[in-house]
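Got some structures for you, see below.
Heads up, the next two complexes both have subunit A, just with different partners, subunit B and then subunit C.
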Partner chain A sequence: MMSFLKRVIDALASYKLACLLFVLLLLLTFLGTLEQVEHGIYEVTQRYFESLVVIYPFLGFIPIPLPGAYLLLALLSLNLFLGGVVRMRKNVRTYGILIAHIGILLLIAAGFVKHQYAREGYISLYEGERAHEYESYFDWEFAIWRDADGPTREYLIDADRLGRSRGGRWTFRHPEIPFDLTVANYLRNSVPRRLDAATADAATDDGFALEPLPLEVEAEANLPGAYAILREPDGTEHAALLWGGARHPFSVEIDGAVWSVDLRRQRRAMPFTIALNRFVHAFHPNTTIPSKFLSEVTRIEEGVAQDVQISMNEPMRHRGYTLYQASWGPQDAPPGAPLFSTFAVAWDPAEDLPLWACVVITIGLVFHFGVMLTYYLRRESRRQAS
Partner chain B sequence: MRSGFAISRGSAALLLVALSLTFASAAAAQSDGDAANGSGVEASAGPVAERGAWDAEIVARFGALPIQDGGRVKPISTYAYFQLLKTAGRRYAHDLDGERLSPTEWLLDTLFHPESARRYRVFLVQDSALLDAIGVSHVDRKRRDRYSFEELAPGYSRLHELAVQANELPKGRRTPLQNQMINLVVNLIEYDALLHQFDFARADFGIAEDSALARLFPDTTLIGLASRAHLLRVAAAVLNRGMEALEERLAPEDLERIRQLLPPEALALDDAAREREMAAVEALLGRIDQASQSASHLAVLPPHDPEASAWRTPGEVLISAFLEDASIEPYQDMLAAWERLGLSADDPVAFAAALEEMHAAVTPVAKARGEYRTVPIEVAFYRADFFSRSLALFIFAFILVAITWLFPRWKWAYVLSGAALLPPLALLITGIVYRCIIRGRPPVTTLYETILFITASVVIVSLIIEVMNRRRLALSVGALLGIMGMFLAVKYEALEGVDTMPSLIAVLDTNFWLTTHVLTVTLGYAAGLLAAAFSHVYLVGRIVRADGGGMPFRQALTRMTYGVIAFGLVFSVVGTVLGGIWAADSWGRFWGWDPKENGALMIILWELAILHARKDGLIRELGLHIASVFNAVVVGFSWWGVNLLGVGLHSYGHTSGVSRGLTAFCLAEAAMIALGLYLWARAPRAADSSRP
Partner chain C sequence: MPRADAVSPAPEFRNAEGSDATMLTPPALSRVHRFPRLASVSALIVWAATGGCGSGGERIETITETREVAHPVAPSDPSLTTAERLGARPQGRAAQGGGGMGMPAAAPVPYAWDAPDAWTSLPPTQFRLANFAIGEVECFLSALPGAAGGVKENLDRWRGQMSQPPYTDAEFAALRRGRALGAEAVFVEIDGVYTGMAGETQLADYTMLGMIAPHEGRTVFVKMVGPTAAVAAERARFEAFCASLRAADGPAPMQPTPPGTDLALPAGHPPASDAVGATAEGAAPAEIAWVAPEGWQRMPDRPMRLATFSLGPDATMECVVSLWDGRMGGEAANVNLWRSQFGADPLDDAAAAALPRIDMLGTTGVLVELMPDDGGEALGGPALIGAICVLPEFSVFVKMTGDAREVASQREALIAFCGSMRVKE
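Up next is the complex of A and B:
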């Protein structure tokens, strides 16, 4: 048993496994890069780089299973830890490599933490507007709430869980909601059409149906849609077509209260509010090459306001959140028309780890190759002397 | 009701005179029925002198004029250089006598002798199928050939139609022919604009000498008209709506003075005469507009207002004078000099004088704006032609190195060949430094600059290795890579045909990251390619037995290859991680599986695989070199290939035409790998067992 375990550990710590993993990762990265042309970065990242197994369509139709980057990186971490740290010979010739290996482990750890825990999204504001929530680029949710003058509770359902198995039906109940919500035919990208123009197999009372669309290469451009039925306890049904591009939620009056259901990008709260005071964008003269984006914002937190500037390469960092100047719009706005400024929002508990990993790796590699160079020069000078 | 213009009270005096003249003459014209309606701009472009050779001093002085183009101020010679490069695919043109023209001479001809220039064969047509598609004859011409504007003109409408259709397709779906159509139509439009740039100066506005308008405008050039543009507008208004049109705008005393000065017959025009006069003025305004539009291509007028970032074209200034009542006074000297250039094309002395006037008018303003400092430096940079000369000297150095291989005992030849590598390297580095000074940026901000930097890096590292081991191997490889790098730089510049010092997009506006991330990653590329070059020498040496089967030779190459890969790995890893940190700072994520990031990762993975496989004994000497050659393919994909995909945040550099070169490179490397595998299959195992 021990010898078997030793053999397993030997294999896991071996150079051969390291080489195999490097080559497989290289292959995966290459294939994933090429596939981005057709399917965009988001889809490919999910399929190739955040998965355990990838089914690669060789020649377009022969499915070949490959290990995903998630699996490969997990194995590589193990290999690195066992072979490159624990079992490695420790002397002046290997200290540098040892340090570099630790740095790489830190880097992989940072990637893992980010993948598991980090959040990202965006906020778009016109001058004078403010927000304390940001929206997800890719994740959608069904939101149910009762319209009222003051703040009300929202009931949220992660829409992407439905999207993973297309074509099913799901019913949601909650004791505080006076209806059952049944969602069917969730489509990750769609557009509502009048029934005669649509190819969908369902339609709402007002004659609109969802037409499925192929997924966009830019995944954030996808607009999901679904059919919903709100069923009251007495059996009364309200059919709704929920679509990500709709300007207004679906609303219905039940027992004297107005209830709304919406399909929208997932929202997350920040511990502060951002108000956009002024947005400046400039182009290089007589061109459409952007030279500067800059947003003057006020950050409001517990009644305390602070003016901050956010520009390209100079984000605002606060309480673990980072707000970046990402873009602006509308892109087709005529001169002088009001513009909105878009901030990318990121929250990553391991944000600084890559920098530290970089420092560690650099120290390790420079030390190692410095030592190697010294040996080489000594050998060459001996050769030339002889 | 407000009309579309405003009259300042300060111009009342001029207005009085103008109106008197206008109406007095209008009355006269009423009698003979001949309104001032001369020929239009098209007809009056006038005879243009046949061109003669430009004086070298004039070419130099004209080339040094500043112009704002592509978002930055540069010498007009630079503008001419890239305009010709993208049109003709080369850095020179031929005139009708077959004389070779520099880009600036070509631009001078285009601007000032358009009738000749439209017959110069400067439009490169890559495939004659394009001409078939637009119905232009190409009998007795090569499949890839150059045509003149005049030759292509008959097919222009069809070409435009096809290019518009092609432009509606997504970039990736266009055929090469469709891309060529789009490029050609853009080049034709821009050339047409240049040909007509000085129409405004050459135009005859059809103002008869004894006419009212002639008295109203003693100077009937466009600048002269523009300087009194408001008079035309007042005249038009009065003719159109009578004196009442002015009553809302002028003070009562000014109105009274007008009434006193105007001859009675001017106010007593019958409707027919009024309409005729109106038509004459409107026709004149139309011609002015057309002429002004023609001058709207070259932004050669720096604004005095320091807040205004955009330089203006003569046409813009003139149009705003006529449409918005904007005074041309701030630009008067520049405009007048620019106009005189157009009028004196056939008089070298007058032309040179006008050129100096233009310099005198523009330079102080540009200097005051802080936009002139780099213009003479850039003129000197392109005049010095560092990179072409560097290429020539690298070739010379390589020949000397080759001699050392033929005569290994000639020590002086070895020293000389090492020294011969220094001048081309010095030229290359000087060129890079010039570019840094001109742009105020680190050495690498564009794909083009990576070529220069990588070439300089590999030559420097080769020289360092040569100093360390004195085996002539690194010297030879350095010279060869110097040639290849500079050749690639020269070819790529011609292929792209766009300014290689463009304005940077906002996200790249950071010298810190451009210095740290970009330089380190680029050094990683350089090291990978240098190592691959050593491996080529190794493989070729073995196959042709140039190494005499000598183990020291092979071992030396193997050590160098291994060392350089290791050196490259350091830079690739550090550079890539720094790139991630920059991305986290700019875009909010450390890593996004963007193609360029993936390319860098692929280099790291392959180099790690090589080093670990070597360490484990999975590969030995030959295996290391085969893997190193494949590393060049990985570097090639990362450096150039990912840009061809057209996705991701790093999708910079329009690499049309690069794919063929990259494919050829990959095929050549595949052949080299096949050669290596052949050697491996044939080699006795024992011979391949020595470790580096």
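Up next is the complex of A and C:
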């Protein structure tokens, strides 16, 4: 038993495994880069680099399973830890390498934390508007709430889980909600169409149905859709078509209260509020190439307001959040039309970790090369002396 | 709360008969449905392959994630239809502007229209109050507050999208004018390589039809883009769509034009004749006759016009006669409309009343002269001389546009032309 365990650890800590992992990572990067042209960076990142297994369509139709980068990096971390830290000979000649290996492990850990916990989204504001929450680019949610004049509670369901489930029927309930919500036929990208009268019998009451669409290369352009049934305790059913591009939620009156259900981009709160005071943009002459984007905002936090300027290369960083000047719109706005400014919002609890990992790696390499240089110089001086 | 019977069988997926083969209809609400055996087996395999989770079938879960929202949410409306919720408004009526896609809400701009049956209504975008697809052709309506940057600036932007240089002042002045939303509208047709809104594409042999009209402090745009042949087939319907535009709560336009018919003259008005003067019969508000000055070349009839004349040394000037029911807002409003098109400040009532008057239709009409005020009359530049005669039953507009020097040279001819106009008994 011990010998088997030793063989496993030997294999996991071996150079051969490290070389194999690097070759496979190189292969994944190559294949993913090629596929990105057709499927977009978001889809490829998910399939190749955030997965355990990749099914690569060789020649377009022969499925070849490959390990995903998530699995490869996990193995690489283990390999590096066992072979490059635990089992490494430790003396002054290897301390530098040891430190560099620890830095690489930190770098991989930073990637893991970012992948697991970081959040990204955007805020779009016209001048004079403010926001304390941002919307996800890619993640969607079902939200249920009861209309209220004051504060209210939203009940949230991660819609992307339904997208990953490849169909099926889900029923969600909560003791405070006077109906069960059944969701079916979740489509990651879709468009509602009105059916003609002859075919509308099974569609929504007023004849709409969802048409599945292929996923967009730009994943944020996908608009999911689903059919929902709100079923009251007495069996009364309300059928709804929910769509990510809808202007209004589906609402129904139950027991004198209006309840709404919406399929929308996931919303996440920030610990501060941003108000857009002024947006300035300019282009290089006779081109649509922007020469300047600039938003003058006020950051309001616990009653304290602070004016901040956000421009193309000067984001606002505050409390783990980074707000970048991302874009503006609408793109089809005629001259003179009011424009909105869009900020990309990123929250990463390990935001500084890559920097520190690089510092550690640098220290390790400088130490190592310094030691090696010292040994070399000593050896040379000895050789010249002899 | 009894919930034991709350879960229905798995939904039914089926193609809608007679519709797009990929269209999914929703699950039948109360119908028991059996999965096909093959589907059941496949689902079992997928379920097993994925560790028994996340695959098709039926799941029941308790919602665990909640969020307190401090700010009141916008009131919802249970009476909205699916079409209104999705933004695909009922035919002919613009709903309230909404946010959607995380974008701020736009101000409501209520318009109504009659869209041809062959046009497929698409959900609107933030700037498209009406949005249609006709095969490869797209057509949409938008409205913006104020001058929206100016008519010429917008037309030049459209020209850029078609890989064409901006209009010269003379070209702009010579553009076809018609009526929409009770005001004078500019119509354009631009052929070229369509580059999209932001240069994202290159589509050769494309044509753009456009209409821009002011309406109650807003500027309204209608734009159609597509392959040249396809757009040509839709030209008449585009004109009809523009003519059908009206305020959502207002009366139907003066001339409700059925889709597919050619749009030309006010309600019931027959085509203008080639003879000296025009005749009108039936429900026409009036029959107008005139004597055209020497050198004025009558052009083929065009929509929204009683007559079009080409004049000037190189036929670069245009004089348009149009006839409309009723007072059309009165003289001052129309004078200021023309002034706004030339970037001139509006006149107050007193100043408008002080404008010179000329003989016209047995009474008098107001003479409007919009010449460059910076010496451009000598140097050239766009100019307008026109006359407006508002009678209780109908209104007549005569409008001459072109290069300032040439327009000035035809001033007396235009006054004589207006003086020759009479209502035929």
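The rule is short, and it goes like this: the second predicted complex is superposed on the first by the 346 of 386 C-alpha atoms of A that agree within 3 Å, B and C clash if a C-alpha of one lies under 4 Å from a C-alpha of the other, contacts with A are read in each partner's own complex, and residues count from 1 in each chain.
The criterion applied here is as follows: contacts are C-beta pairs under 8 Å (C-beta built on N, C-alpha and C of every residue); 3 or more make two chains touch, one makes a residue touch a chain.
Here the structure is a predicted model, which is why all the values come from computation and not from measurement.
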Query: Are subunit B and subunit C a fit on subunit A, or do they clash, once the structures share the same frame?
result: clash
- prompt: Regarding the shared-chain residue A:Gly256, is it in contact with subunit B (first), subunit C (second), both, or neither?
  reply: neither
Query: Is A:Pro315 in contact with subunit B, with subunit C, with both, or with neither (first, second, both, neither)?
result: first
Query: Does subunit B (first) or subunit C (second) touch A:Gly168, or do both, or does neither?
result: second
Message: Quick check on the superposed pair: does A:Val44 touch subunit B, subunit C, both, or neither? Answer first, second, both or neither.
response: first
Message: After the superposition on A, what does A:Ile177 contact: first (subunit B), second (subunit C), both or neither?
response: second
- request: Look at the residues of subunit A and decide whether subunit B or subunit C touches more of them.
  value: C
Query: Which of the two partners, first being subunit B and second being subunit C, lies in contact with A:Thr33: first, second, both, or neither?
result: first
Query: Superposition on A: which subunit B stretch among 42-50, 150-158, 258-266 or 276-284 collides with subunit C?
result: 276-284
- prompt: Considering the complex alone, what residue numbers of subunit C touch subunit A?
  reply: 1-3, 5-8, 10-14, 16-20, 22-30, 46, 54-63, 65-73, 75-78, 80-88, 95, 98-104, 121, 123, 125-128, 142, 144, 146-150, 153-154, 157, 197-199, 221
Touching residues on subunit B, where the partner in the complex is subunit A: 68-72, 172, 299, 309-311, 468-470, 502-507, 509-510, 513, 559, 563, 566-567, 569-570, 573-574, 577-578, 580-581, 584-595, 598-599, 601-602, 605-606, 608-609, 612-613, 615-616, 618, 634, 637, 642, 645-648
Task: Over in the complex, which subunit A residues touch subunit C? Could you list them?
output: 122, 124-126, 129, 135, 144-145, 147-158, 161, 164-175, 177-178, 180, 182, 184-185, 187, 191-196, 198-199, 202-212, 227, 229, 231, 233, 235, 237, 239-241, 243, 245-253, 258, 260, 265, 269, 288, 329-337, 340
Query: Mind pulling up the subunit A residues that touch subunit B in the complex?
result: 14-16, 18-19, 22-23, 25-26, 29-30, 32-34, 36-37, 40-41, 44-45, 48-49, 100, 107, 110-111, 114, 120, 217, 282-287, 289-293, 312-313, 315, 322, 324, 326, 344-346, 348, 351, 354-355, 357-358, 361-362, 365-366, 369, 372-373, 376-377, 380, 384
